[in-house]
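The structure that follows is given in the form of C-alpha cells.
Order of writing sets the chain letters: A, B, C and D. Residues in each chain are counted from 1.
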Amino acid sequence: MNTFGRIFRVHVFGESHGPIVGINIDGCPSGIRLTVDDFKEDIERRKPGAKGTTPRKEDDLPIIQNGVFNDHTTGAPITILFTNSNTRSGDYEKQRATPRPGHADFVASKKFLGFEDFRGGGHFSGRLTVCIVAAGVVAKKVLQHLSKENKIEVNAKILSIAGESDPEKGLQKAIEAKDTVGGIVECSVNGLPIGLGEPFFDSAESLLSHAVFAIPAVKGIEFGSGFAAASMFGSQHNDALLNTEGQTRTNHSGGIVGGITNGNELVFRIAIKPTSSTPKEQQTLNLETGNVESFSVKGRHDLCIALRVPVVLESVTAMVLADLMRVAR
Amino acid sequence: MNTFGRIFRVHVFGESHGPIVGINIDGCPSGIRLTVDDFKEDIERRKPGAKGTTPRKEDDLPIIQNGVFNDHTTGAPITILFTNSNTRSGDYEKQRATPRPGHADFVASKKFLGFEDFRGGGHFSGRLTVCIVAAGVVAKKVLQHLSKENKIEVNAKILSIAGESDPEKGLQKAIEAKDTVGGIVECSVNGLPIGLGEPFFDSAESLLSHAVFAIPAVKGIEFGSGFAAASMFGSQHNDALLNTEGQTRTNHSGGIVGGITNGNELVFRIAIKPTSSTPKEQQTLNLETGNVESFSVKGRHDLCIALRVPVVLESVTAMVLADLMRVAR
Amino acid sequence: MNTFGRIFRVHVFGESHGPIVGINIDGCPSGIRLTVDDFKEDIERRKPGAKGTTPRKEDDLPIIQNGVFNDHTTGAPITILFTNSNTRSGDYEKQRATPRPGHADFVASKKFLGFEDFRGGGHFSGRLTVCIVAAGVVAKKVLQHLSKENKIEVNAKILSIAGESDPEKGLQKAIEAKDTVGGIVECSVNGLPIGLGEPFFDSAESLLSHAVFAIPAVKGIEFGSGFAAASMFGSQHNDALLNTEGQTRTNHSGGIVGGITNGNELVFRIAIKPTSSTPKEQQTLNLETGNVESFSVKGRHDLCIALRVPVVLESVTAMVLADLMRVAR
Amino acid sequence: MNTFGRIFRVHVFGESHGPIVGINIDGCPSGIRLTVDDFKEDIERRKPGAKGTTPRKEDDLPIIQNGVFNDHTTGAPITILFTNSNTRSGDYEKQRATPRPGHADFVASKKFLGFEDFRGGGHFSGRLTVCIVAAGVVAKKVLQHLSKENKIEVNAKILSIAGESDPEKGLQKAIEAKDTVGGIVECSVNGLPIGLGEPFFDSAESLLSHAVFAIPAVKGIEFGSGFAAASMFGSQHNDALLNTEGQTRTNHSGGIVGGITNGNELVFRIAIKPTSSTPKEQQTLNLETGNVESFSVKGRHDLCIALRVPVVLESVTAMVLADLMRVAR
C-alpha cells in the first residue's frame, strides 16, 4: 500500500493540508553519511516557482527525526518529515459538491466512504512527492554505498512538453491556450552491475514500473525501444553482444534482458498527463444539484507538472535499485 | 521473485526443458468449482500452431495436484503442473558459446554464475506462460466469486502487428522479410467496482504493470490515453463525471484515477517486441573464440509472439484484480 | 524489519533519546472514530511511576499527525508521534566502553558497525513500546469495526512476579534483594470468530508469537496448556467438542486448533525476564582496558518491567487479529 | 499463508491423501551442489516406523523437479515433490460426522465452508512436514554456502517425553496407559555470526517462533532461560560479556539479545502436545445426531509425535537463518 521494497523499504505518509508529510525508510545500511545539506539539491529541483509551475512555495526543509546520529545512518528506521506551512484554508466543503475531473476526489470519496481528507487532494496530493525525493536522496547514497566497483549515476530529463522537444515551446502552448499540458520524461542509469532483477514477477521492469506508477499523473512507461519495438523486425531490434562485460552494439533492450540488468545503460521513458487542474472551464457532476455543470478549478496549480517530475523519477528509480542491491549473493 | 500477490498469491516454477512447469496458488477462496475443462479454452488460445507461431506443440493438459477436491477449491494451495513432453535434446552445450541476442542467455549466466539451466531458455522461457494462463483461469473465477453485483469481464485483443492493424498483414511482413515482428495488445476489463487499488505504491497501475512486465517480451505499457496524453491539453484529457455511478463522458483515464478504479472500463495497452529468435542471420560474441561472429538461431520459434500474448495478458490482469478484491472493507 | 502485518500494517520508528518515537499504521479502514482521548487509558496503563517502575516520566501525549480527519480515520496512513521530552544527557560515550549485560549494546555495535544511536538503548529501547500501545488502541478499534456480531475483548494480566502469584510479594523480593525480577503475563481474547489464522506458516500462533517476541524481554510463549502439554496424555489434553458453535468442554488448545481460532477463548502466556539494568553490581568486558570488570548500571530503571507489559501484550495481540480480519472471505 | 521468508522463501503445498505433497523454494543461490542423496539422512530421521510411531510408511523419495541442473542449484525456484503412495481409502465421509478433538476437522470445515479436503487431515496433516524437512536440507546447505568463516551446525534433540528425560520411559507410559504422550524438544545452533535478526518486528526470536508454530502440535517455545527467567533475579540472569568475540560467561539469553544473535550458542526449546489421535475412547459432538457421543479414532497413528519432531525443528530453524543471511550488509 504505502510501502515499497523488500529490504530497503520506504513508507510514505501525510496529506496536502495536514501538519506534515513524511517518509520512513527501513533497511538502510548503517554508516552512510547523511545531513540536511544532502537533500538540498534534489529538493530544489522538485520545487515549484519556475515558469509554468505552481506559485505555492514550501520551505521543504527535511526534518530528520530518527535513524541518523552524528551525521551518519544508524541502521534504525530513518524518519524524515516536512511541514506543510503554506496551506490555504479554502472552502473545501463547498468544493466537495463538484468532484474535479482527473483528480481522485470522486474515487476517494467512494473508496473511503466520505471520510477521506479532501483538502487539497489529501493523501493523493502531489505534495507527497517531496517525500519521495527525500527517499531518493537516501537511495542514491545507498546505491553508492553498496556498489563496490562503479559509480552509479541516475539521471532523468525532459524529452518533450506538449509534443515539443523544446520544453519552452511546449510550455508556451499551454500559456497561449490558457490550459495545461503534459510531457515525456526519460530516465537513464549508468554504472549498474549485471544481474539486478529477479526472474519472473520481480523483473527489473516490473519493479521499476511498480514504483513509477506511484508518481501521480504517469500514464505510461516504456523501456529501451518501447512501443516502437512493436513495429520493428527482430533482426533490427536485437542488440548484438560485443564483449564479456556485456556491452551491446545497440541498446534497444534499454539495459534489461529477461528482466535482468545487462550492464548497458538502463533507459526508460514515462508519459505524464497534462495537469488535471486546468485554468479552463470544465464540466463535472454537481452532487448537490445532480446536474452536470460547468465549473472552474480554483487555487494555485502547475501548468505542466511534467517539469517537476525528473527528480521524482530519479528517486523512485534509485529506491528500486537500492533494494535490489541489498540481496546477498 | 517468482511470487505475486498479497492474499491471492501465485508462485510459478519450472524450466523449458525440465520435466514440468507449474504454479502454486495460495489464498484462493474455497468452494469455487474448478475442473480440468475450465482450463481448456484459455490454454487453447495460448497454444502455438497457428500461422506465425512455433510448431512446438505441447498437450498442455493441466494436472491439478492439490487444493481441489470434489471439483471445488478447498482453500488450500492449488498446485497445477504441466509436463514438458515435447522437448528436443539439442546440442545446448555448444550453443552456450554464442549467447543469443535479445535472450537472457548472457545475463542468466552472469547472475547465476554459469549454473543456470540454459536448455531452451530454462526458467526464462516463454513456456512458463502456460502456468500464468492457468493462474488466470483461477483468477477469473475468483473475480466472479468475489464480485457481488457485476459480471467482471477481462478481454485482451491484438491492436496491431508490425504496425498493421490487420494482424494478417503484419504477419505477412514477417514472412516476406524472413524475420520476426512485434505487436501491440490491448486489455480491457468491464464490471469492476469503484475503489480497487491502494494509494501511493499499490496503485492499480503499479500492480498491473508489475505483473505485466513479468510477461516475456513486453517493452511498454500505457493506461487510457497513455503516451498520447503527453501531447494533450488538460481540458481535452479530463474526463467529465456524469453520474454518481462514476460514469465519465470520455475515458482518457483508462478507468483508473489516483491509482484507483473509477467504475469505467479499465483499458491499457502493451508493446511486444519482435521475437528474439529470428530466422535472420545475426551477430553475437562467441565466448570461445572471443570474436563477434555471425550465427543463426536454430529451433522452432514464433515469428510473432504477440499473437499468443492476449490470453496471457488477461491472466495477469485477472490475478492482480482478484488479489485486490480479497481485502475486506 | 520494523513493519508488521499484511493489510493492517504497523511501522515503528524512533530512538530513546532522539526527538521522537512514533508509528505509522497503513491499511486501517476509514470511518473509525479516533481522538487523542481514546489513547489515554492504555497509555496510562503502560506508564512508569508505580512502585517498582522507573521514575522516568513522559507526558506521552499522542500527536496524531496524519490519517485522521474530523475525528475519524480517513483510510490514509495514520502517523502518531510521541516526543521524548524527559531524556537525560548522560555520559553515554563513556558508558560505551562497558556493554551492559542483557542489553543490545554489544550486538548493536557489531551489527551496525558502531554507528548505532547508543544513547539509552537507542532504537532497542523499551521506550518504543509506547508506539505499540498506540497501535494497539487503533487495532482494538479496528477489531470492533470489523466484527459483525461479537464484541471482541482483549485482556492481559500479570500471572506472577518473581514466581509469586501476588505481584506485590514478588516485587518485594526485588526490593529486598536490591535486584530486579521477571514475571509471567497472560493474555486472553473473547468474542473472536471461528477461522482466523491461515494454514501452515501463518497459523494464529505463528503470527501472535512473531509479534509478541517484538516486545523487549520476552523469553517464551505458550498457548493453552503450553509446556504442561508435554507431560499430559492425549485423552486428557483433547478438548471435547460440545456444540456447533465450537464450544469445547476444556480449553487446553487455548482457542486455536490447526493454527486456526476455534471460537473458544484465546489464551496464551508469556515469560518476561528480569530487567537487565539491575542495581546490583555486575561484570562485563571493558572494551578500553580489555579486562572483564565489575560495574554498576546508572540511571532510572524498572525493578520489574513485567508490570508494564500487559497493555503492550494486548496491543500486539490486537494488531495481529485486526490484520487477520482484513481478509475478505 | 503457505509461504515463509523474504528472500529465501519456502512455499508448501499438498494434502495427506492427494497425489503429492511438495515444496517450492525461491531465492536459493545458484551453484550449491544438491542431489537426492543429500535428503536421505534427514528424511530418514523423520520417518515413522520406530517404536511409538505410526506404521504408515512412505518411501519419501524426494522428486526434484526444477531448479537443479547438473546436480547444482540453478538460482531458479526449486520444486521438490513427494508422492503419497501409502494412503488408505477409509470411509472419510462417515468420519466427518464426528470432528476429532485436537484436530483441525471442525475449524477447517467452518473456515472453508465444508469444501476442505478432509481425508486424513488434508492440508493440515503432519504429512506436510516431509516437505519442511526437504526445505531444511536445502536451507542447511545455504547456511554453509553463505557462511564465510564458520561451520554452522543445527541440532535438535528430545529433552523429555511425557515428563521423563529418558524417552524410552516416557514412551512406556503411553504404551501402558494405551494413550498418547507429548514431549519437549531442544534446538541449538553453533557457528552463527553476530548480528542476525532485525530490530523490532523481525527479531530472531520472532522469526524463529513464527516458523516453529507452523509445525503441528507445538504448544510453546522458550529461548535460553525461557519461562524460568520469570523467577530469576536480574543479577543471576544477565550474561557477563567476556571478550570481543561476544562470548558470555553464561547463556541465559540463548544466544539472542535485543532480537539479534550474539555469537553464542542459539538455544531454544519447544513443547509438543500429546498426539491428538489417541487409542483411548473420547467424546465429541456427533453432527448428525446433535449429541455429544463417545467414539474412537481409527487409523495408524503415532503414540508420541514429539519423537519425530527434532529433524523438523532443525529444518524450520535452518530456513529462518538462511533467509536472514541473504541480506547484503
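One rule holds for everything that comes next: contacts are C-beta pairs under 8 Å (C-beta built on N, C-alpha and C of every residue); 3 or more make two chains touch, one makes a residue touch a chain.
Since this is a predicted model, take the numbers as computed values, not measurements.
Comparing the centres of all chains, each the average of its CA atoms, the largest separation from subunit B belongs to C. Fitting subunit B to subunit C on Cα positions gives a rotation angle of 180°, stated in steps of 5. By number of C-beta pairs in contact, A-B leads when A-B and B-D are compared.
Taking the mean of the C-alpha atoms as each chain's centre, subunit A and subunit D sit 44 Å apart.
Between the Cα centres of subunit A and subunit B there is a gap of 26 Å.
Centres computed as Cα averages put subunit B at a distance of 37 Å from subunit D.
For subunit B, residues touching at least two other chains, in rising order: 1-3, 7, 12, 75-76, 111, 123, 199.
Across the interface of their complex, subunit C is touched by residues 1-3, 7, 9, 11-15, 18-22, 24, 26-27, 30-31, 65-67, 69-70, 72-77, 79, 111-117, 122-123 of subunit A.
The part of subunit D that touches subunit A in the complex is made up of residues 6-7, 29, 75-76, 146, 199, 325-329.
For subunit A in complex with subunit B, the touching residues are 1-4, 12, 99, 101-104, 106-108, 110-111, 123-124, 128, 160, 162-163, 174, 177, 179-184, 194-195, 198-203, 205-207, 209-214, 216, 218-244, 246, 248-249, 252-254, 257-263, 271-278, 280-285, 287, 292, 306.
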